[in-house]
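Each in structure tokens, the structures are laid out below.
Two complexes come next, and they have one chain in common, chain A, joined by chain B in the first and chain C in the second.
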Partner chain A sequence: MKPHRLTFAFQLTVTLLACAFLMVPAGASILAGFTVNYFRGVSSGLTLKWIGEVLALYSDTIALSIAIALGTLGVTLLIGVPAAWALARRPSRLTRLVEEVVTLPVAIPGLALALALILAYGGIREFRMSPLFILTGHVLYTLPFMLRAVMAVLAAVDVRTLEEGAASLGASPLQRFFHVVVPNARGGILAGALMVVTLSIGEFNLTWMLHTPLTKTLPVGLADSYASMRLEIASAYTLVFFVMIVPLLVALQLFGRTVQGAAR
Partner chain B sequence: MNRGAAITVASCGKTFADGTRALSPLDLDVRAGETLVLLGPSGCGKTTLLRLIAGLEAPDAGGHIRFDGADVTALPIEKRNVGMVFQSYALFPNMSVIDNVAYGLRVRGMAQAARRAQAAGVLEMMRIGALAQRRIDQLSGGQRQRVALARALAVEPRVILLDEPLTALDAALREHLRGEIDALLKRLAITAIYVTHDQAEALALGDRIVVMRNGAIAQVGTPRDVYFRPADDFVADFVGVTNRLTGTLKNGRFETAAGVVPLPQDLVPPAAPSGPGAVRLLFRPEAARLASPADTPLVFEVVQVEFQGARQKVTLKDPAGARILVEAPADGLLVPGAAVGLILDPARISLA
Partner chain C sequence: MHSADRLARLFLLPLFLFVAAFFLLPMVRLVGVAGSGPNGLAEYLAILTNPRHLATLLATLALSAAVTAATLAIGTVVALFLARNRFVGRPLLVSLLTLPLAFPGVVVGFMVILLAGRQGLLSSLSMGLGMGRWVFAYSMAGLFAGYVYFSLPRVLVTLMAAVEKLDPALEEAARSLGASRAQVMRDVTLPGIAPALMASGAIAFATAMGAFGTAFTLATRIDVLAMTIYTEFTLNANFATAAALSIALGLITWMVLALTRNFAGSGVAAAG
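Up next is the complex of A and B:
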């Protein structure tokens, strides 16, 4: 049925208004990062000065965020892919239970998870002060995403039968894992990896509880700058975060589509 | 090619973790080089038995599997040197056709050039050499089937195990490939175990057929044995159409409402007759020949005639009303209501 012209115009207006409602604050914030004096408005002139100050003040938080994201990715790959394989090849009540337990951190508030980590390991001074403490939290939080992405692909390609095929040809379990399981799970591994990096870079809840003055990540630094810096610097900082996270989100979107297409 | 292995299955049962008993403990001997077909309806345990022999499942305690006398029960499939063709083919989507076929040689440590050459030879034998560089998702069902077979044969296994390899294909292709597989297995003289629920496949391919039911063996025999001398009603019905006449045994003859049937000497009456004094005579529609009522002591009335060109299917009934189906050449014109004599081939009847 062809929609009435007035109906269409109405729908378009509502959609555009909704978009504007969401985009205007983002646009204003981006603009603030480039404005000489936000209270006097754009008429005060545009500048890159604030960006420069952010890089000078907070480049260590940016570097730490990237390092923790990559570290989290490494650990979730090392644990997540073999774990997904183990869970996919012998589905049973036990593996269902393991899957549920591993997924729990997604449902638990980050603050509670962080508190639990501090209660359990906070006494180990060296660990508490090291960025590894934050990395541990991020791994707990992101592992289920890696696990589920890989498990979904393994189920879609019927990895059990593929493995039986490889075994019938004489392949050992290790050969099967590297020759058959990993290459055929590639789509899920890549989708999971993008997800883990995106989540880790943006994570605030848990990280805010776990950080020390010397282990601040980018989102923690953002909160810090909102509280203590002038608005233009905070906005420029947001802009830096945007530049880092948006390409990851776009990649995730594009990639998710191709993975779904391939599975179909 | 190396000679196939003889396989002994000794009191192998299989109970799954959830308590389902897929297989009652059974014994089976597979001769070196023969093609043995495991035939039965779904859920009869045929695939479980194949997986036990393959090493994909372990038998319950007490069961043993031997290849040429050597106990392989504890060996996983990768150490048994068997080739296996799966119903879904299980081809690796991340490898080309030639890499799929060469994979077994790769894990055996053969250098790339040598294994590709050997794999190319197997592809040629299967007449799919032109497909070597294709990706798996670029192949038709029949091509995938050939690649799966080539891959299983490339490692020169002592035993090849085929799990419903033709089920996923359409009828015409299935019949064509059945002929190819038959010729190939005969030429390679490899021991083959072939699982199917299709009686035509079983009869065409098997040197011997094992008919299975509810996790147990119902009958083991040559296709002719199983077809013409089924061990029981289940086998008779599973492997084609069966006619049954009820009667009694007297002086080496079978007496029924429609007359008498002389029995051959070697035909053994069943140990436990189906009723007091009553015995049933089983025969296939094509084991009977129509004749003039004057020429035979067995006379029926024609009920229905279905003309099929070269042949006709004739439904008959005896004076007691029991109906049977006979296949006859289409030359004689038969009219419903007419009396017709029947001569049964003594080599193709059985008693139950």
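Up next is the complex of A and C:
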């Protein structure tokens, strides 16, 4: 159906306004990160000084965020991939219930999860003060995404038939898992991994409650800089975050498309 | 398959242990702490009985409803436009519109400050036009803008997929039977994407209810549930109230998501 001319003009206007609403502040932030004085505008000159200051002030938060994201990825792979196979193998009411409980942390605000973790384990000082406390929160929040991604692919490629074939050739369950299940679930594992890392690097709701002065992640540092630093430094710091997160997002979108295409 | 069953059980064990230790047990503790304050078990209902908390709850619900309505309205128009038109630069436009998917709430708060804060773009624009100074970032309006910013890309991804799946022949048939464009929109197109509207609306609503980063960046003076929980816990050390309010908040977001998922599920089943 060809849209009416007026409808077309209206839709086009709304689309362009929405795009401007999303992109203009992001552009302003990138520009401000390179501007000598944002209040006076670009005419005050361009500089890399703010980026340098951010790296000097906050590089420890960047390193910690990367370390926690990789740690979270490791744990979600270790726990999530085998469990996804076990759950997808024979869907029943019980496996549905397990899936439901495991995915609950996504439906509950991070603030509530963090409070519960602090009330339960805040008294154990070594744990509370270590980055492992944040890592635990991140695993809790990202594990459902890994599980779902892997389970979706396992359901799509009919891995059970492949497994039966391997079993009839004498492969043990463990051999089948590593040589049949994992290779066939590759797409889901990769999509889940990208999702886990992206979410972990940007996580704030849980992390703000779980962090200590010695365990600050990038988003925690960002909140700090928004509250206490000049706009140019806050912008340069945001730019560093963009540089880390945007490639992950692009990979996720490209990859998500091929995984969905393969599943169809 | 006997040994495979044993392996499956072994593989589920780490998941069970992790969820039991770091989710179920902390949740039990949260419920326990909420009921052990000076008000005893009455604290569970503090969100309804304490006038200040009730007002905050109502304000948060109103804000979330407004965010959901605005995001769905904008999202539907944009999704219809992008799915029905092919033009140069369309892939770029789609990429730009979905790029903010990965921005956390704190960063979205900063975007709102750059747009409508004291040194913001709207501030200098309105000053330049001699229309006074527009600064609304640090208020409920700023939070509204922030949550729309946060949810719009997510809603768009879901709605665009739903519109692409709609069979254009249905709309053409309705037109050829004499339905007006408005009727086609009301009776064919919108019902067709209703499951996607429900699902993405629920996520936008639950996010606006529970999100914390954007409110934290914009100001601590905005009375929304997440800020109240944070202040009660960290500044007032009022653990029982903070725990009781988080339980209420968690129940609301979980219920909204569970209910609409069931609706959306049956909608999809009925369509298929």
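To be clear about the criterion, the second predicted complex is superposed on the first by the 250 of 264 C-alpha atoms of A that agree within 3 Å, B and C clash if a C-alpha of one lies under 4 Å from a C-alpha of the other, contacts with A are read in each partner's own complex, and residues count from 1 in each chain.
Everything that follows uses one rule, which is that a contact is a pair of C-beta atoms (placed from the backbone, for glycine too) under 8 Å apart; a residue touches a chain by one contact, two chains touch by 3 or more.
All of these numbers come straight from a predicted model, not from anything done at the bench.
For A:92, decide between first (touching chain B), second (touching chain C), both and neither.
first
Look at A:180 in the shared chain and tell me whether it touches chain B only, chain C only, both, or neither; answer first, second, both or neither.
First partner only, chain B.
For A:104, using the defined touch cut-off, is the partner it touches chain B, chain C, both, or neither? Pick first, second, both or neither.
Second partner only, chain C.
Just chain B (first), just chain C (second), both, or neither: which does A:162 touch?
first
Quick one: classify A:24 as touching chain B (first), chain C (second), both or neither.
After superposing on A, A:24 lies in contact with chain C but is clear of chain B.
Check whether A:172 is in contact with chain B, with chain C, with both or with neither, and answer first, second, both or neither.
In the superposed model, A:172 contacts both chain B and chain C.
For A:6, select first, second, both or neither according to whether it touches chain B, chain C, the two together, or no partner.
neither
In the overlay, answer first, second, both or neither for which of chain B and chain C A:56 touches.
neither
More residues of chain A are touched by which chain, chain B or chain C?
Tallying touched residues of chain A, the top partner is C.
Which chain A residues are contacted by chain C in one complex and by chain B in the other?
167, 172
Over in the complex, which chain A residues touch chain C? Could you list them?
1, 3-4, 7-8, 10-12, 14-15, 18-19, 21-26, 28-29, 32, 38-39, 78-80, 82-83, 85-87, 89-90, 98, 101-102, 104-105, 107-113, 115-117, 119-121, 136, 139-140, 143, 163, 167, 172-174, 176-177, 198, 202-205, 208-209, 219, 222-223, 226-227, 231, 234-235, 238, 241, 245-246, 248-249, 253
Residues of chain C touching chain A in their complex?
Within the complex, chain C contacts chain A at residues 1, 3-4, 6-9, 11-12, 14-15, 18-19, 22-27, 29-30, 33, 74, 77-78, 80-82, 84-85, 93, 95-107, 109-115, 119, 121, 148-149, 152-153, 168, 171-172, 175, 181, 184, 206, 209-213, 216-217, 226, 229-230, 233, 239, 242-243, 246-247, 249-250, 253-254, 257-258.
Would you mind writing out the residues of chain A in touch with chain B in their complex?
Touching chain B: residues 92, 157-158, 161-162, 164-172, 175, 179-180, 183-184, 186 of chain A.
Hey, which residues of chain B end up touching chain A in the complex?
17, 54, 56, 76-79, 81-84, 86, 88-94, 103-104, 106-108, 151-152, 155, 161
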